[in-house]
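Below is a structure I'd like to ask you about.
Note that the chains are named A, B and C in the order they appear, and that numbering of residues resets to 1 at the start of each chain.
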């Protein structure tokens, strides 16, 4: 780990306008990522993890953000919109949960993959070559021919590879993956995560994986940050968290994960049975 | 809690509806209907009295809206015009709604073939500009407000037929109708006591929303000379008659048009308000 | 794709057949003797008798209808009692001028409504949104013919900015090539006349467009709101695209899919509304022609106009279907391509 972290979030607070004045949903979160490091941000729906992640890119126009979000020492919250736009895509990339909703149905996937390069002045021809290369690296067969196809012509797993291509083609130093595998079936989930892991190592790209599922974190991240009710309640290396969770909420999350070699006779615990259930009807704002 | 309230916040922002606008709309609509009844009584002058010595007088204290080329008081004519245009509009809407209800109900409850045939006929009606169909029919029936009204009634029903068909089909499958059926309620009774009243609940909102459109077509037909004929104080016919003196008697054109517009706007706002009030799902998603 | 087009084609044929039935019934519900109507008011008894046999009015109804259908398919819409020329000839001579007006109105419609709808969606509750609501309120309530007269009063009679009526200033002359005055002036190389023809188009086109703008703006607004709330728009933002690019390049095409259906139907409705606009502005065209025919009890011309507008409507809708195929790839339903050999040359060209 180097001295200056790639991403340093300090005392981040986020609030949204509500019927009776602003409502704070993130209450002072600290988060740090070194260059090339893979960190998982874990929590239930409504824990504020997505809001935190999106705050890094300042994607919620109506959100009021305070605190500091430093990327390579630059405070993103102080940047004018134009400079912020340059950070998006080339500084920080983003992958969403639902690969179908993340792709524009009326544009070819090639157009969508090359856009981040085209808007940065790369010629269409070069952009296309790099797009095809990246897509085949991501395991899409016949990338060259598939380049002019539309999203509906792809399967779910392939679509998510396309989304990843869009997110990383401009070579961001940090990729934020917001529940990137939740909409995929289990087999494809593993493939996509492995792929993300490999790419991160190849490109020395840091990954902030946002998930509610501690089960997928183990083989992927080096560190875990657990969020609940807008606060980071626990953080540490994966092994430590798994071996000795300190916070009862973390223990509850862990208990909900089926583990190979675990006691199969024990029924799967639900979070609600261990800790009081999060308020009814809470929706992750992602 | 937090995220949910954030959502609610964005929803509230998309509700710019000011109740006062709706209240004003209801007021104007009511005033127009009242005018249609008592208009001639409060008219300051006889709307049909020709006095060529007073031709084309600009608006003044005596003639608020001025006079037309025959020296008739425009205000009085606009007031009594409500009595021509509004009833004609209402007749068209009621007649079209009746035809549409019958055809829509038959299509929804009849067999597949009946439904298919009726809906294709409806498609034809829906796919042509109603002013053109009405113009053709009115021409075939001969000039006059009656033929315009008949022609428009015969071309306006397809929208209602489509709506009623959908509504009746929805209600038909509703649980309480199933329950009634199991209790042995007869088919006719089922249709008239259970299915139709529910469908009509939505239909009346649509008819309110259509008042403006029908009024515009009727006055348009009168304007081109197929509807109400020239001495009549129908608003469209008044505009047609005054159009020749547009530059030296603009008031005789402007005020009947404003009357049409004001009435149309208020009925549209009224219809919108009824629709929102009738359907909580629209209220939730207003502006979306 | 073929199935989609085929289904639309069948619908069109059904609508056209229905139109034939409706217009045939119009000839039947006529009060009085259709033969007398067809022969004209001043026809002699012999003339009426001849017309009766010519039109097959002595035959049973079913025969009459097949005969009517047969004549329609051969482009025979009857003879105008007023001009004594075939109805279709008159209408074809008038149609280009109306099409010119409708296209101009459509251009205004699109240029005003689409940006307005997009901006209203982008800044929900903002001034453009309020303006769009206001235009919707007024557009649905303003009598077209009255608006035309008011525009004439203000912009032609008072401000003298634009010509009051007509299609071309006195003294200007253009060759008749297409029948659309402005296009003919352009083709004839007469730029002064072209400008003049455009100036004559402005007020009638504005009048015609007025009631249609609101509907398009509202459709664009609501589909744009759905589009802007979608993940792919956020993703586009997250890759650093500018707001303009996000809205226009990533969003607009999606938002235009529903709007294009509305625009297509409006082409037909606009052609119908020429009835209310053309005579006010002293323009030739099928609208003015139909109105004149109604006043002269020239029934075959009126019915002919109804038929022609119906046909134009159907054709416009087929055109819209083609536009939608272009806008919306999901309708094209090409099979998934899997293992074909690469064709690098083609791919490079398309880049």
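The rule is short, and it goes like this: a contact is a pair of C-beta atoms (placed from the backbone, for glycine too) under 8 Å apart; a residue touches a chain by one contact, two chains touch by 3 or more.
Only a predicted model underlies this, so the values are computations on that prediction, with no experimental measurement involved.
**Q** Would you indicate which pair of chains has the most C-beta pairs in contact?
**A** B-C
**Q** On a CA-centroid basis, which chain has its centre farthest from chain B's?
**A** A
**Q** Give me the ID of the chain with the smallest distance between its Cα centroid and the all-protein Cα centroid.
**A** C
**Q** How far is the middle of chain A from the middle of chain B, if each middle is the mean of its Cα atoms, in Å?
**A** For chain A versus chain B, the centre distance works out to 54 Å.
**Q** In whole angstrom, what separates the CA-based centres of chain B and chain C?
**A** Chain centroid spacing, chain B to chain C, equals 24 Å.
**Q** Please tell me the distance, in whole Å, between the geometric centres of chain A and chain C computed from their C-alpha atoms.
**A** 50
**Q** Which chain B residues reach two or more other chains?
**A** Within chain B, the residues that touch at least two other chains are 13.
**Q** At least two partner chains per residue is the criterion; list those residues in chain A.
**A** Residues: none.
**Q** Enumerate the contact residues on chain B facing chain C in the complex.
**A** Where chain B meets chain C, its residues are 13-14, 16, 120-121, 123-124, 127-133, 135-143, 212-213, 216, 219-220, 223-226, 236, 239-240, 243, 246-247, 250, 253-254, 256-257, 260-262, 264-265, 268-269, 287-288.
**Q** In their complex, what parts of chain C are in touch with chain A?
**A** 230-232, 234-242, 245, 250, 253-254, 257, 327-330, 334, 336-340, 342-344, 347-348, 350-351
**Q** Which residues, counting only chain A, touch chain C once they are in their complex?
**A** Answer in residue numbers: 57, 59, 85-90, 92-94, 96, 98, 101-108, 110, 112, 115-116, 119-120, 124-125, 127-128, 132, 141-142, 144-150, 152-153, 163, 166-167, 170.
**Q** For chain C, which residues count as touching chain B in their complex?
**A** 11, 14-15, 18-19, 22-23, 26-27, 29-31, 124-125, 129-130, 137-138, 140-147, 149-150, 152-153, 157, 222, 225-226, 265, 268-269, 271-273, 275-276, 279-280, 290-291, 293-295, 297, 299, 302-303, 305-306, 309-310, 313-314, 317
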